[in-house]
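First chain written, first letter: the chains are A, B, C, D, E and F, and each begins at residue 1.
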Amino acid sequence: MPSVILEGPAIKDIETRRTLVKELTDSVSRAYGLPKGTIVILIKENSPENVSIGGQLIVDRLRSDPGKPD
Amino acid sequence: MPSVILEGPAIKDIETRRTLVKELTDSVSRAYGLPKGTIVILIKENSPENVSIGGQLIVDRLRSDPGKPD
Amino acid sequence: MPSVILEGPAIKDIETRRTLVKELTDSVSRAYGLPKGTIVILIKENSPENVSIGGQLIVDRLRSDPGKPD
Amino acid sequence: MPSVILEGPAIKDIETRRTLVKELTDSVSRAYGLPKGTIVILIKENSPENVSIGGQLIVDRLRSDPGKPD
Amino acid sequence: MPSVILEGPAIKDIETRRTLVKELTDSVSRAYGLPKGTIVILIKENSPENVSIGGQLIVDRLRSDPGKPD
Amino acid sequence: MPSVILEGPAIKDIETRRTLVKELTDSVSRAYGLPKGTIVILIKENSPENVSIGGQLIVDRLRSDPGKPD
């Protein structure tokens, strides 16, 4: 505690994940004035079949418009 | 935002999932008076080994009474 | 189980909330083929000071552009 | 409802999981004064690549110090 | 980590809450084989206007049948 | 989507919150390669009566050792 739950698509590259958790931890630690060792981050990976924006599954959205960001 | 997190067993059929997210998005959009494009839905699939009702894992419950709904 | 967690701004009107949970329960019950009595919904109300979109708190966004939806 | 969401590493042994959900259900049922049948528990398994403590992924932490608890 | 999120109605009595978190921590610590100091519990209190079971808000359910457990 | 749920104690100062959501949004946007406008952050404030670490409520921990970080 504090803890951060991050819901997003998969992050393939582990180096990207390393940089991300380091940056998030620094920001959260500064904001609360609490030591970094207390900050827990959970990265949740969601497949495009399980996420909907605007009533449309990401998997269908990518099919109809591959350039659209999710 | 608004966002909906749906915790349940797996939904095998993608057509069922399409209908579900469309209906949920319509209902949530109407309730908040916000455009559908702002509504995010995350479907979380939980295996019967990881869910308990009444202190019993679903996997054990299905074994002892296959007709019981989870 | 299944359960729905709904994160959004406050819904002031209780009649709106009644309609919303009835509709969500119907949709979820149909999608999973499970009786309505098993469906739990938690409505979470978030104040504009505690939600950010695009790096800006809703409270600041409303101030700079009151017509913008959150 | 009430419901318990448990975020942790994988629990390999199903017998351990059985004991855990039984104990949690008993405790929660007593605390709220509600029948056990109303208590739902979701066990969420997180891989060491997706959890960070103190800005370091568990997978890296285990590598640098295998004896350290996560 | 591990962490427990407990969603339920309000627990008025602090002594009940003390016993609850102590028991949950003991159970979770045993199940994962991790020291108690690593276990975080968040108790979330939900008002009867914000919880629905079977498509009916708890606040309405209590009104129509005050003896019914939530 | 992506979305960040941040569980912690209250952050009194709104300027601190502004900086925090700006920094988190920048980091998450970079990691996923997605525009900032898609990133939603929910800050959840937990009172010391509702959080436990190591089986002890924060409110009791602060009482016995006011210098200890939560």
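Details
Please note the rule applied: contacts are C-beta pairs under 8 Å (C-beta built on N, C-alpha and C of every residue); 3 or more make two chains touch, one makes a residue touch a chain.
Computed from a prediction, not measured in an experiment: that's the story for all the values here.
Chain centre most remote from that of subunit A: E (centre = mean of CA atoms).
Contact tally for B-C versus C-F: the pair with more C-beta pairs in contact is B-C.
Here the CA centre of subunit C is 21 Å from the CA centre of subunit E. Chain centres here are Cα averages; for subunit C and subunit D they lie 27 Å apart. Each of the following residues of subunit F touches two or more other chains: 1, 3, 7, 17, 24, 38, 40, 42, 46, 51, 53.
Taken pairwise by the contact criterion, the protein chains fit none of the simple patterns, being neither a path, a ring, a star nor fully connected. The list of touching chain pairs reads A-B, A-D, A-E, A-F, B-C, B-D, B-F, C-D, C-E, C-F, D-E, E-F.
Every residue of subunit D that touches subunit C in the complex is listed here, in rising order: 1, 3, 40, 42.
The residues of subunit B lying in touch with subunit D in their complex are 7, 46, 49-57, 59-60. Only residues 1-9, 11, 16-17, 19-20, 23-24, 27-28, 30-32, 34-35, 38, 46, 51, 53, 69-70 of subunit E touch subunit D when the two sit together in their complex. Put simply, subunit A touches subunit D in their complex at residues 14, 17-18, 21-22, 24-26, 36-45.
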